[in-house]
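Below you'll find the structure I mean.
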């Protein structure tokens, strides 16, 4: 029962990632693309946590931790690049 | 159906990335795009090496409560390609940095990014 | 025209090579001899829970030494290329950052450095190690540059950290050769109990030094790139 | 089975993003697309039981490489960059 | 080199280290203490931000109140935004409004802006002094005072006690 | 035991639904600022809920889950704010439905003062 619910959750998360990818491909400006990139990184944290659960290894969560702490620096760099603040 | 394993998917994806990256590096004119194609080639190569080390039904080579400490050679995937890829990724960022600064230096001297403008051997 | 034909032929040949490899290769069903030895003997011999770390630091320690050297050469090359295009500080006019970014940088910077230290101190227990920890520390340094692009940093401190940790790395390797069984051997400190932080002999020390060195080198690269003249 | 479906979808996304990186009009879009290739590669590494490599790719491939690219793009301001 | 500042950074790093390791063995405690002291002493000039925190029992109580109010607002506005996304006609009424804040300290402003940004429906675009410019998905009033009342004041009364 | 795991999985499912709705918002909304509102923020809450659900299912993982949640909540608003500020500065247009833009007015006022 629990596993079936988590499979459905994983499918929804993957679908969300693909939807954000659609905005990345379509996005009229660079800022839209960066936003889609940010949404995909945040979403992938949840996906990594689910993979860790299905493999039953707590050590996989460290990878999610890296994404949680570092993904925002990429967005900040690109935003500062756009506003010529680098 | 028996060809549809995780290892084969990883291998096919890696090979496709390598071909795409090689095609881009050979046909693009802009230096920065050539460097982007190189990073894609790099990612594909690393993916191929890691996929070769995977064995079905085995776990990551780190000892904790779920693995126990006995009979480890029948539970773990191959650790050596993973160690090699780890070093390869770090060297990859160094090489990318050198290529990018070289491109920047060339742009500062010639104000051009086209690879065809840099045919002379002495400049 | 000839060039295009050549490219297509080259790609087709490469693709054929890869495809034939894909069709003929067989998946391993058990580990070959050397990886099986590493998997079985890492815990009693080296004392590290992470077999990849044991391979990187101890069994294949020479490769890591060479890799650190390559990274050092890359950082020096970048510094050499950018030497002539540096701009004085008052010539660059970046847009100043907002209060939110500069304040949260002050709050987050110690946490990021601490997380990097966690990653390389626990390299023998969890995934991660010196290279990842160094990259995380460099990202923290980057946050500093983001919040205040005009800030003045001492190159000397970064260079000192880099050279001190590099020298200590080699000295520990030689100590292993004298006191232990070979160059970069980790068993001259007692191995301790498997799974605790003070275990695996000298591996945490070596990986911490590698982490500091890699972090200082990557920060140096970012700092050099930051000082180049902005194009208008 | 679930892992295989996940890997197929992620692999297709990777290949399409690599093609997008070569055909994008601006270099910054190409760099972002190659960043997505790295991001998805790290998830596939986790599926292939290599958390060390996944962490390295997350911290270095997806983070630092993109950052260095944008630092250099900042110094080369042109209409197609 | 301020002793209070060093102590605060040390406590912050040490607590984070313990939560990261999630064990209380002696070696974890010792290593964490060494690393935290190094970070606090060597890097404290870069992070003198926590000095403005008031350490009184009342401010701790208000901190819990702030967290509670924040979570309630987060869920409420999330369901609101989900309803807007799912409605076919897309009922949005966006705009950038100006609000005033009474907070003086930088960290108070930062926490206020982050709380506003994390709740869907409002997004801090810029800060100039004590004027904050907020993108609002459903502008009900363009007046400064009414917008301040609707967006800021529910968080501000807690933060004012904590940071002044 | 079973009840706790069921609760955890349902929390994860709610988080996944929020992620999907956020991604839907990214596609449907008319301009960048509205997309940032719905997309990134809803995805953040969804990720937080998913990880909290995983932490409820396995109580030993709760510490790591708490750390991830607090890091995401500390870092994510900063990047959204910086992106919105930069986008407004380089003049990415707001949608036609926009009622008011006070920041534009404030910036033009400042420029006038500079010129005088």
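Going by the order they are written in, the chains are A, B, C, D, E and F; count residues from 1 in each one.
To be clear about the criterion, a contact is a pair of C-beta atoms (placed from the backbone, for glycine too) under 8 Å apart; a residue touches a chain by one contact, two chains touch by 3 or more.
Given the structure is predicted, the values throughout are model-derived calculations rather than measurements.
Asks: So which chains count as neighbours of both chain A and chain E?
Replies: C, F
Asks: Which chains are in contact with both chain C and chain F?
Replies: In this structure, the chains that contact chain F and also chain C are A, E.
Asks: Farthest chain from chain E, going by the mean of C-alpha atoms per chain?
Replies: Comparing chain centres, B lies farthest from chain E.
Asks: With chain centres taken as the means of their Cα atoms, state the distance from chain C to chain E in Å.
Replies: Averaging C-alpha atoms per chain gives centres 33 Å apart.
Asks: How many angstrom between the C-alpha centroids of chain C and chain B?
Replies: So the centre of chain B lies 16 Å away from the centre of chain C.
Asks: Could you please state the distance in Å, as a whole number, between where the Cα atoms of chain A are centred and where those of chain D are centred?
Replies: Using C-alpha averages as centres, the distance is 12 Å.
Asks: Can you tell me which residues of chain B touch two or more of the remaining chains?
Replies: 5, 7, 12, 23, 59-62, 64, 82-83, 86, 89-90, 93, 97, 101, 104
Asks: Using the touch definition from the top, which residues of chain C touch two or more other chains?
Replies: 50, 52, 95, 97-98, 100-101, 104, 107, 111, 115, 119, 126-129, 131-132, 136, 139, 142, 218, 221, 225-226, 228, 230 - these are the residues of chain C that touch more than one other chain.
Asks: Among all residues of chain D, which ones touch two or more of the remaining chains?
Replies: 3, 47, 49, 51-52, 54-56, 59-60, 63-64, 67-68, 71-76
Asks: Which chain pairs here would you call touching?
Replies: A-B, A-C, A-D, A-F, B-C, B-D, C-D, C-E, C-F, E-F
Asks: Mind pulling up the chain C residues that touch chain E in the complex?
Replies: Checking each residue of chain C against chain E gives 98-100, 102-104, 106-107, 109-111, 113-115, 117-118, 121-122, 144, 196-198.
Asks: Under the touch definition given earlier, write down the residues of chain B that touch chain C in their complex.
Replies: 5, 7-8, 11-12, 15, 18-19, 22-23, 26-27, 55-56, 60-64, 69, 72-76, 78-80, 82-83, 86-87, 89-91, 93-95, 97-98, 101-102, 104-105, 108
Asks: Give the list of chain C residues in touch with chain B in this complex.
Replies: On the chain C side, the touching residues are 7, 10-11, 14-15, 18-19, 22, 27-32, 34-40, 42-43, 49-52, 55-56, 60, 63-64, 67, 70-71, 74-75, 77-78, 81-82, 85, 125-127, 129, 131, 194-195, 214, 218, 221, 225, 228.
Asks: Which of the residues in chain C end up touching chain D in this complex?
Replies: Against chain D, chain C makes touches at 50, 52-53, 119, 127-129, 131-132, 135-136, 138-139, 142, 218, 221-222, 225-226, 228-232.
Asks: What residues of chain D sit close enough to touch chain C in their complex?
Replies: Against chain C, chain D makes touches at 51-52, 54-56, 59-60, 63-64, 67-68, 71-72, 74-77.
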